[in-house]
Structure formats: C-alpha cells, structure tokens
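One chain, chain A, appears in both complexes that follow, with chain B as partner in the first and chain C in the second.
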Partner chain A sequence: MDPKVVQKANGVEVTLDEAVFPRPVGLAAAYRFIDRCYVLVETRPGKRLSVRLESKEPTAPAERKALAGEFRNELLHQLVRRQVAERTDGLRAAIVGRALLSADDALAAEASAPAAASDPLDFQDDPLGIAVPWEEKYGGKRENKPKKRSGQPKKR
Partner chain B sequence: MGSARTSRRSAPASRRSASRAAPPALRLDADVYTEEALERTRRAFAHLAAIDLRREGKRWAVRFSSVDPAAAGRLPGEFANYALSCLMVES
Partner chain C sequence: MPVRWREVGGRVLLTNDAGDYLWLDRAPFEALAAGTLKPGHPVWAELARSNMLHDPETEARVVERIRRRSGHLQVGPTLHIVVLTLRCNHACTYCHASRQPEKRAGFDMSLDTAARVLDVILASPAPDLTIEFQGGEPALNFPVLRWFVEEGRRRVAGGSRRLWFSLVSNLSTLTPAQIEWLVDQGVAVCTSIDGPAELHDRHRRIAGGDSHRRTRAAMARFDAAYRRRRLDPSLAYVNALVTVSRGSLAQPEAIVDEYVRMGQKVIHLRPLNPFGMGRKIWAREGYTAEEFLRFWTRALDHIIELNRQGVEMAEKMASLLLTRILTDDNPNYADLRSPCGAAIGQLAYNHDGRVYTCDEGRMVGAMGDDLFCIGDVHRHGYAELIAHPTVGSLCVSSCLECLPGCADCAYAPYCGVCPVYNYIEQGDLVARPATNDRCKMMLGMLDYLFQRLAEPGLPDLFRRWTEVRDRSSVFEPRRPRRPSPRAKARPAAAPPRRAKKGARRA
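Our next item is the complex of A and B:
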C-alpha cells in the first residue's frame, strides 16, 4: 500500500511512490510539518521518496500514528491542489492579466483580443468589400459617366 | 555540480568549549537538497555555529562546530527544516 509508513523512535518515516505523488507534492506536504517536526527528505531506489518526520516534542505511539495519518491527508491535499492549479493555470493568468491592465482601456482591449479570436468570421471573409480591386469595383461605372468639360464657366 | 566545496566560518571563543564534546552533523540527499538552498541556509545559521558544507558522493555532509550551546540540540533539525523551506521558495 502506498504510501508506506514506518514508526520510528520519536516520529514516522513515510515512503512515497513518485509516480503517484510527484516530488513537489511530497515536499509541499512535508513543508507543512516543519513547525511540529524536524523533516528530512531522501530519495529511495525505484523512484521513491522517503519523508522522515521527527517530532520536536516527545510523542506517544498513538500520536505518531496520528502524525502519519495527517501527513497522508496532507499529501492528498497537495496533490489535489496541484491538479487544480494545473487545470486553471490559463484562467488565472487571464484574470490577473485583465485585472492588471484594466486601468488602461487600450491595453485592456488588447488583453481581451484572444477572446475576439473565437469570432465565427474567417480571415478570408470580406463583408465591407475592402479586398475587391478598384478596377472591379468602379472600373465599369467610370466608363459610363459623361466627361466633364473643363474651362467653361457654369451658367447661373 | 560534482565538485567538493568547503565553507568555514569562525565562531566566538565563548562557544568553542561547548562544541568540543560531540560536534553535530547532518547528511542530506544531494538529489533533493540543492546547493543554493543549503548555502542560503548556511548563511542564515552562521550566527549560531561554524558550518562546514561539503559534497560527499550523493550526499551533502553538513558539520557544525563552535555551536551556540543554547541551540546545540535543535541545530541540525532546524537546519534541515530551513533548507526544505528554501527548496520550496526556489521551486
């Protein structure tokens, strides 16, 4: 069963499989115990990580068992925290970016540009006819127009 | 990374007699604890002891001498805890 717990003189040693609990998760969980315990982290063969928690105060066996249980709970907490952080990474970046840039309207509009990219218009669409060549658009009409006579004053 | 390195600091004469009995030591896994974290920790604890940090194979050997008597019992454990917190800051 993973993680494996072994009781020591005044603490516990918990051995984790890094395939289940990545190293940052194990370190973060261990870090939460430095106020109560002396923490020592070591690698073990087979991609395993050993975390030794030695209580700063003398402890009874029942307390050591509780300590191991708390550490296992903390491992799970840190694992979920990491997974949520990974899932919401883009969203957090967008929210923070938007908040920082909201003071400047131009920059805020620029920051929201990726949202406009989801617009259904294709880049080849040309609703205003901007890409139509001038000759195609006005060439025929111009030939039908009567030529203005220059040099003659208008009659009033 | 593999080069051995030694760092020594002198401590006040008043502490020297206290540390003669049993100089505490600590061995830390070099695969977990980075040199930067340990160096930062060594600097933070320099006022409590003279700390010798050197790489020995896959481990860091941390030896304390001229230890402040008030901190002697807790020093290695607190050193390891502080090094762990430095690792967390680095990551």
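Our next item is the complex of A and C:
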C-alpha cells in the first residue's frame, strides 16, 4: 500500500512512491503542516520520498493516527490540484487573462493592438538611445564613435 | 458536450457549461456514462434538447451563451466599497468590521484621502461604477459622503460613464435633512434588520436598546420622502438584509414575516461572516453549515408558501442562484462568479487610504493580516493596484473551472468561491471542498433549489424571483420640476438612465 505510514515518538513518518505522488505533491502537502509540526523530508532509494512530521506539542497515539490521516488527505488534495491544474492550463490562462485585461485599460489596449501596425521599429532600432555610449550622450570624449544605426536618435 | 453530474435525491442531475440541466434516472445515466446509450432512446432527444450532445450548431449556441454568462470578464471593477469611518454607534454582537467607539478620533476618512480614492475609482475602465459607502457607520462621516456624491457627479458630468451611489447604514444617526438630501441625490440605501425587534435588539446593541425602532423609523422617513417625490413605491424603498446569528436559527418564519410586515419584496438571509471580530465570538454566535441550511430551507419553504398565498417575497441568494440556473443573465455578484470579484470586480478602500481586493480582504486586514492589501491611494494609482501580484493570485485561485473539486462539480456553472474565506478557514486560497463550510452551504442551497425545481409549478414561481425591475429612475439625482432658463443653460449632469442589472444591494 502507498503511502507507507510509521508512527514515531511524537509524530509520524510517511514514505511515498514518487511514481504515485510526484515530489512537488509531497512537498506541497508537507508544507501545509509546518505550523504545527517540525518537518523533515528525505529521499529514499527506489524513487521514494520520506516525510517525517514531528508534532511541536506532545501527542497521544490517536492524535498521531489523525495526523497521518490528515497528511494522506492533503496528499490527495495536492495530487488532484496538480492534475486539474495541468488539465485546465489553457482554460485558466484564457479566463484569468481576459479578467485581468478587462480590469486594466492600458493592458487591454496593448493586447488588442496589432503588433506589426503599432510598432514600425525593427530589432536594431534604439529610440530610447539605450545603445548610445554615455560619453556621447553627455558630451564626454571618445575616440572611436560607434557606427550609427537606423532609428538611433541624433546626437545632442 | 462536456457535462458534469451529481446525484441528488436518488436521481442524477446533468449540467453543461452553459448552465443547462437535465434530470436522468440511474439506468439511462449509466448507459450514457458507459457509451451504450444510442440515438432513438427516449433520453437521447432530451439530451439533445438540453444541449448535452455535441454537434457544430449546438457548440456555437453554447459558446455564445457562455460568453453572455461570463460578461463579468469584460468590464473591470464596477463596485467600489469606500469605508468612510470605522466609528459606529452600535456594538453588534457579531460585528466583523473592527468598529471603533462613536466618539473616538482618528478613524474617519479625510477629504484628502477621499480625493485620492475618487481618482482611483474614476481611473477604473468600467463604464458603470457603483460607490458603496460602508463603515463603521458611514453616516457618521456625512460631510465626506456628501463630497463624494457631489464631486463624483461633477467629474462624470457630460461623459458617457455612469456613477451610482449606495449607502450601507443602520440609519439611526441620519437627520431628516440628511434623508431628504440622500433621496434627492438618488443614493440607494441598504440597512440591516435581523428580524423581529426582540431578536434584532438582542444582537444589534445601541445605547437605549432600541435599534430596531430607530431603524424602522428612519425607513419610514425614507418611504415618506419617496412618496412626496411621487416615486413608485415598488421601486423606491430602503433595502434590508438579515445577518443570521445563532439566535436566528430557531425562527426563520418569524424573520420572514417581519420582512413581509415591513413591505419588503426581497429578504437576504446572509450567513454570519467568520472574519475579523466575528471569528472571536464565533463560539457564542456561530453555527455549522448544516444548521444554517436547516434554517435557510425552512425560510424558503415559508416564502414559497407565502408566494402561493399571493404574497410577493423572494430570498436574495436564491434569486441570484436561480438567475444563474434559469437564465443566461449575469448578475455579476462578486461571490457567484468565476473568477470571483476580488479586485477585478470590486475594490475596497479603507478609511486611511489602504486599498484591498474586496471587503472581506479588508476585514482580514483588520485582524492584522494585510495579505489582501494591494496598495494605498496616497502612493499608488489604479494601474499599480491592479498590477499587484495578489490580484492575479486571487483570480487563479477562484477560477472555478480549474479548481480541485469545483472543476468537476455539477454546480460549477452557477457557483463561486471566496479565496479570502478559504484562507481564513483553511489556511490556503484554494478550498478543500469536502471540509469547507461555505462549499457545504452552496451545495446544500443548490440541492434544495434543484429538488424544488423538479416540482410542478415551482419553475414558474422561481422564474418570478429572477425578474429584476429597473430601479434606475430612483437612483438618479432629482431635478427641479420646472427648470429655470438659467438651469437649462447649465451643462447636462448626464444622469444615468438604467441601473446595472443586479448591482450589489442596489
């Protein structure tokens, strides 16, 4: 059976098969317990992950059993969350993107403008003068002036 | 077409993304699921009529309807909650608004802050904007309220944008002159009446112990002011809502009857909010989802019985859900949309200028956790606020179609989640639906409504609950009956003609 649960002195150790529960799932589930447990995560041979939850408060055996149960439930939640997120990735991007764009006028205008029509510059253009050496910009001396490229602003 | 399903009362309910639904018996459902149901089976035609079978025409029709049902994705933040003060003359037993005593200084919104708040609100791209004044008791800072209305109207005058105002108040501090002014300015008013006087006064505590009497007296003054202006009483009235506390659970019928006596046509049975101070007193006032559902279903049974006797009354949450079930209209209610309305549908402005994704987020802020604070009007403009990473996080974590438990739930086309609630109750923006009380409540309410919809006569009765009458004529500034030539020469104030359908509490 997976995951394997062993009761420890003041907590539990759960060993996961990463083929069933990928490592990010195990880590996300473990992270949920850091407010009430000290958490130790270690890799084990055979693509297995060991998560040790040590309660910060003294616990009775029944509480340790409940702790293991909660961790298993959280593992399942994180696994399903990951699967649903992967399955609905494109849908989420479309819905959330649309919602955020509608809330921001400037972004919406930028997104709806055809890139080629609104941007006549090519990749060599430098309208902000970023490629212009500072000596040239601010009057410093320079022996070899760079070759002027198209779209480069005039020297002040 | 992709369909979702849920077993309710021994039958199977099928729904699609456009909100269509169909009841199936177990045997044909199992045949459908197994892929053995064939054309010619009686259920096949029902599936086709309900847009559950795929063909290009159905797909085009369903896509168009989904677009209409998702209209909230196109408009940006329409609701702007402005907390004018944290001071309040009430000390409600379940208060969640981090109230301050009435006489304490330092908790009012200043005019300087108000000016910056208005700048942010008017920078929102939404064509319809509602400014909702909240508190504390917002009427205690009436000069700033008045400034917002007058300056807001001045700023949009002559343009195409429409600006609405709504005051959420216990009404007890309003003077007759203030009431007349609010009516003249077309400010919508919403108050709280928790039920009969004994129940209301037990929870809504005020010096003198007569909160119910004072609120009802102010409501009567509003009614008189509306009548003097010859406004249709079926449109011009003060909205009221119920905050359901433990003391309410035993008397749903008495609470509904109180609203009938008041002449209200809608009652909003709002569950107690576990945020802020409410959480500290949860042990005294709180209840389980199952207890709330028993209360709510008893109240609805009673309302339906009253409807059958000719009494006009509807429950607000049920009306919103039924609108999602029976129509393609989009009430744009922040709690029943995907993604939820946090920041992209509403913004909440604290008295000191801090901006939150929503009023619930502000309440979490009042608990000392500013996770949902996205900036400050003194330092940030609208674009910076909306670009805050928390906004995107809340969008992603409330996108129902992509959440564990919700993505495959039959009620996804009608429902909504609240990441702020999930954060407070479960320590994560994403809910664990099986143990989430809000989810249990939504499932219970929708189960009840669908089961009742299967009864003869109920769909027609419930359809009346979804009819929203246009009240915009009430919520525009009154004009003089005989304008002088000089007044005519002034620039038009561009009063709005139509209210945004389903605007919150308006």
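Heads up, the rule we're going with is that the second predicted complex is superposed on the first by the 102 of 156 C-alpha atoms of A that agree within 3 Å, B and C clash if a C-alpha of one lies under 4 Å from a C-alpha of the other, contacts with A are read in each partner's own complex, and residues count from 1 in each chain.
Here is the rule we go by: a residue touches a chain if its C-beta (ideal position, glycine included) is under 8 Å from a C-beta of that chain, and two chains touch if they have at least 3 such contacts.
Nothing here was measured: the structure is a model prediction, and the numbers come from that model.
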Legend entry - First, second, both or neither for A:V5, with chain B first and chain C second: neither
Inset, instruction - Could you say whether A:A103 touches chain B, chain C, both of them, or neither, answering first, second, both or neither? - result: second
Inset, instruction - Return the chain, chain B or chain C, that is in touch with more residues of chain A. - result: C
Legend entry - Which superposed partner A:T43 touches (first chain B, second chain C, both, neither): first
Inset, instruction - Please indicate which partner A:K56 is in contact with in the superposed arrangement: first for chain B, second for chain C, both, or neither. - result: first
Inset, instruction - Kindly classify A:V20 by the partners it touches after superposition: chain B alone (first), chain C alone (second), both, or neither? - result: neither
Inset, instruction - Report for A:A30: first if it touches chain B alone, second if chain C alone, otherwise both or neither. - result: first
Legend entry - On chain A, the residue positions that both chain B and chain C contact, one per complex: none
Inset, instruction - Mind listing the chain A positions that touch chain C in their complex? - result: 32, 35, 73, 77, 80-81, 84-85, 87-88, 91-92, 95-96, 98-100, 102-106, 108
Inset, instruction - Quick one: which bits of chain B touch chain A in the complex? Just the residue numbers, please. - result: 28-29, 31-33, 74, 76-78, 80-81, 84-85, 87-88, 91
Legend entry - Partner chain A, residues of chain C touching it in the complex: 70, 72-77, 124-125, 338-339, 343-344, 383, 386-387, 391-392, 395-396, 399, 401-405, 407, 427-428, 430, 432
Legend entry - Residues of chain A touching chain B in the complex: 23-24, 27-28, 30-31, 34, 38-43, 49, 54, 56
